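Note that subunit A is present in both complexes that follow, paired respectively with subunit B and with subunit C.
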Partner chain A sequence: MDQSTPAISIDRLTKRYGQTAAVSGLTLAIPQGSIFGLLGTNGAGKTTTFKCMLGLARPTEGRILFEGKPLEPVLFERLAYVPERCALYEWMTGAQLLEMQRRSFARYDEKRANELMDLFALDRKKKLGKYSKGQQTAMALVLAFSIHPDLLVLDEPAAGLDPVHQRHVLDLIIGESAGGATVVFSSHQIGQVERAAERVAIMHRGTLRLAGEVEQLKADVKVVEATFDDEAPSLNGLAGDPSVGQIQRSGRLLRVYVRGNGDEIARKITEHRPRSVRVLDQNLEDIFLTTVATSTPDVMER
Partner chain B sequence: MRYAQTLRVVNCLKWLVIVLAALYVFIVSVSAANGVFAQLHSIKSSDFDIPVPALFALAAFVACVIGSRFGRSLSEENEDHLPVAWTLPSSRTRTLLTIMSVDGLGILATIAIYLALSALLIVTFGVTKYVVLPADTPIELARYIIEPFAFYALLMALTASTGRAGRGLVGWYWVGGVFLGLLAASPFIPNPWHAIFNVIDFINPLAYGSYSSNGGHVSVVVNGSTQALTYVGTLTPAMDVVALLTLFAVGMTLALIQWRRLEA
Partner chain C sequence: MASFNIDPHSGVPIYLQLIEQVKRSVALGVLVPGEQLPTVKQLALDLTINANTVGRVYRELERDGVIETSPGRGSFVRDNGGVGRATRAVEDVASAAIDGAVREAKSIGIDADNAVKLFRKALARWYPGLNDTNELEDQR
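And now, the complex of A and B:
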């Protein structure tokens, strides 16, 4: 397999439910062996994108290729999926579900599965319906990682887990990628995505708003943050500056997102006699929030 | 998928065995308390018989009841389990055929379990000498074995694209099937409605489950009224078998089409 061929390429994916477009014109390429974070608010289209990728939902338009080929059932032998809503058979015990996995996947590694069961402290004899939400998520993760997949699609994999187990999930993701697997995951815990993902895509209302390497995205935009003794001025003149992305005003605080190093904008703000001005690096959360923000500045108030 | 479905079917059969065992104990206890054993031994064999097809007719009825449970296998998968079922390394068609083949074995096992109970009762009551094999036994057996499969396949077609709603549909399917049979059989329904209900009843697998035999002085009627039997009797047993096979094939096909079109 040519390493330059994306593990997954999504080309102009659109999925409509009636008149509503859950995903619209999404184009993405996920490189092999990478950890790819898909971010978005609730209803952004992340889960629909995953469903279309895995054939659980039919795209209205567009196509999705895995290593250059359409999805075939045989691919699931080396693909693992953890859905947002855990859909385990609640009438089975943990041991029975592992047995089902063993019978279904040639790659199933019993030793690995047992290690993971112990890691997440899951009771094999207990019925899955008696598991807590977090334990059900953990069980789904055990199944996913027990087959040494080449491709992992994880939709909110840490939902309902305690901080200790969230860290385990992160370590598992990073470990699996180090072994050559491609990992695509979504999470509302942006700190986790920032720690693990090399590349991210941000979706909002069904469309792709931003995609790229995390470090590059962070370097591209600086935040110029100023505080004033009174209400922050509107500084309308800044809006016309091509380097300025978004301007947020909240009481005495003014925050300007700037492509480039931000020094020139900081100098312009200084002319308005602020109490303080500083130029900050963005973190992924800043990037996410500015990307999905509407045009109303106060929406961004935190 | 085979493993999960086998577990489901085996769990269901376990309950069937428990219920039938309790039924056996109840029948034998009540009969012993009321002197039924002695009465049975005094009957002449020319006055009473137990046709084997009648036993199969009852077994088919029980298999339809159990088939109701198996018949919503697809809708049960649709209760949030599709992301598991559809991300196994198997096509949807193969998954469906696996589910149906396991369910099919479950239906056959149900018939076998019920027949075993019948045999046990016959031996317990010492009435083996009354068991008879009428000339049309082979074709009747074919009819009673296929009937629960046709019932199951149509139920699968009805519930394939439903989730939890499939549970309610099973109940309505029974109500509809029985009600339709009654309408088709009722002498009080005027034509043309009577004729219309009769025609619609062709697609009601329950209508094919009745059995009638006049052995000696005792008439054995299973699964329906004598009027219903009159109607079904207008078809030959061989045509009944063909009709049931057709219903089975149509049900399977419709279930497959819906299963393949379904989205999680």
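And now, the complex of A and C:
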């Protein structure tokens, strides 16, 4: 198959529940073999997007294609989904659930499943109902990774896991992607997304606010911060500069969000004789928080 | 084998951090000409970062003439010229760091004379054998 065809393409997806639009007008392309991070506050529409992707919810509008085709039952043989809240058969033991997985999936790899059970220190003889919440999540991850899926959809896969197991999840995601699989995952732990994901999308209140390559987003956005002896000047000239995004003024402090290298804007601000000027890098968390902030108490222009 | 450390929370893109560290290791002789680098997948797993990021690092290091990759065999530090190129690249890193320090000093209102004094003080601290800076210290 053509490598340039996205593993998943979401085209103007809208999902309404009654009057509420959980997702509206979402368009995204997830390249094959990539790790894609979906970020958003609670209620941003991440889980709804996943449900629509997997046919668990019917889109109100728009469509989703897998490798250029609509979702077909045959895809489920090479797709794994770990939902935010896993519902495992509580009366089964870990070993029984693995046996069920073996019988259901031709791709099931017993050796791999056993390695994963040991990795997450899961008791095969214990009933799943007696597993802790974190262990249930880990069990769902064992099932997902045991079938060497081509496509993994993980909704908050590290929720409830301790930091050591969280790192194992990242390693598994990275390893699977290095082997050619496409991974889409959501997480509130931005540091994890920053490490593992090649591309991210930031959703807020059902709409897409920002999408792109993590490294590019970080390289693209700088903050020029200046302090003045008196109140920060309004610097109307800056607002017209195409590289300038948000401008925040608060007392003697001026913060200008700049696309690209901030040096030129820093130089322009220097002409207004500030006490100090510096150019700050932005990590993904800064970018996320700026993106989802709908209003700030500071004076905003543009 | 050199070991690398990346800070994912830094605003500096991970691939740039890693490129700098590989060049630094080559310039310092921690990685020697002909030495094999880990596979892309292995380094991705060691650092818990995206394999495509490591792939991009290797491609750029190859383009910069620091390493060479032969299909099926792996990536190696280049025999001819790799060290020189890495050394020059590390000089660029040092130059950028000094530039940043001077800019910082200027941004908090330190004039050129005082900036020079601070620079000489730093030289005296890190290059203890330097006579010139000792004299300067005496003058103060």
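Keep in mind that, in the parts below, the second predicted complex is superposed on the first by the 254 of 302 C-alpha atoms of A that agree within 3 Å, B and C clash if a C-alpha of one lies under 4 Å from a C-alpha of the other, contacts with A are read in each partner's own complex, and residues count from 1 in each chain.
Definition applied: contacts are C-beta pairs under 8 Å (C-beta built on N, C-alpha and C of every residue); 3 or more make two chains touch, one makes a residue touch a chain.
Please read all numbers here as calculations on a predicted model, not as lab measurements.
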Combined model on subunit A where subunit B meets subunit C, clash or fit: fit
Contacts of A:100 with subunit B and subunit C, given as first, second, both or neither: first
Partner chain(s) touched by A:57 [first = subunit B, second = subunit C, both, neither]: first
Which superposed partner A:278 touches (first subunit B, second subunit C, both, neither): second
Partner chain(s) touched by A:251 [first = subunit B, second = subunit C, both, neither]: neither
Residue contacts with subunit A in the superposition, subunit B compared against subunit C: C
Partner chain in contact with A:74 - subunit B first, subunit C second, else both or neither: first
First (subunit B), second (subunit C), both or neither touched by A:89: first
Touching partner for A:129 - first (subunit B), second (subunit C), both, neither: neither
Subunit B, subunit C and vertex subunit A (Cα centres) - angle in steps of 10°: 150
Subunit B versus subunit C as contact partner of A:194, first or second or both or neither: second
Smallest separation in angstrom, by C-alpha atoms, between subunit B and subunit C in the superposition: 27
Where subunit A meets both subunit C and subunit B, residue numbers: none
Touch list for subunit C against partner subunit A, complex: 8-16, 40-41, 44-45, 48-53, 103-104, 107-109
Touch list for subunit A against partner subunit C, complex: 33-35, 167, 170-171, 174-175, 177-179, 191, 194-198, 214-216, 218-219, 222, 275-278, 280-286
Of all residues in subunit B, those that touch subunit A in their complex: 1-4, 7-8, 11, 80-84, 86-91, 94, 263-264
Interface residues, subunit A side, partner subunit B - complex: 51, 54-58, 73-77, 79-81, 83, 85, 87-89, 91-92, 96, 99-100, 103-105
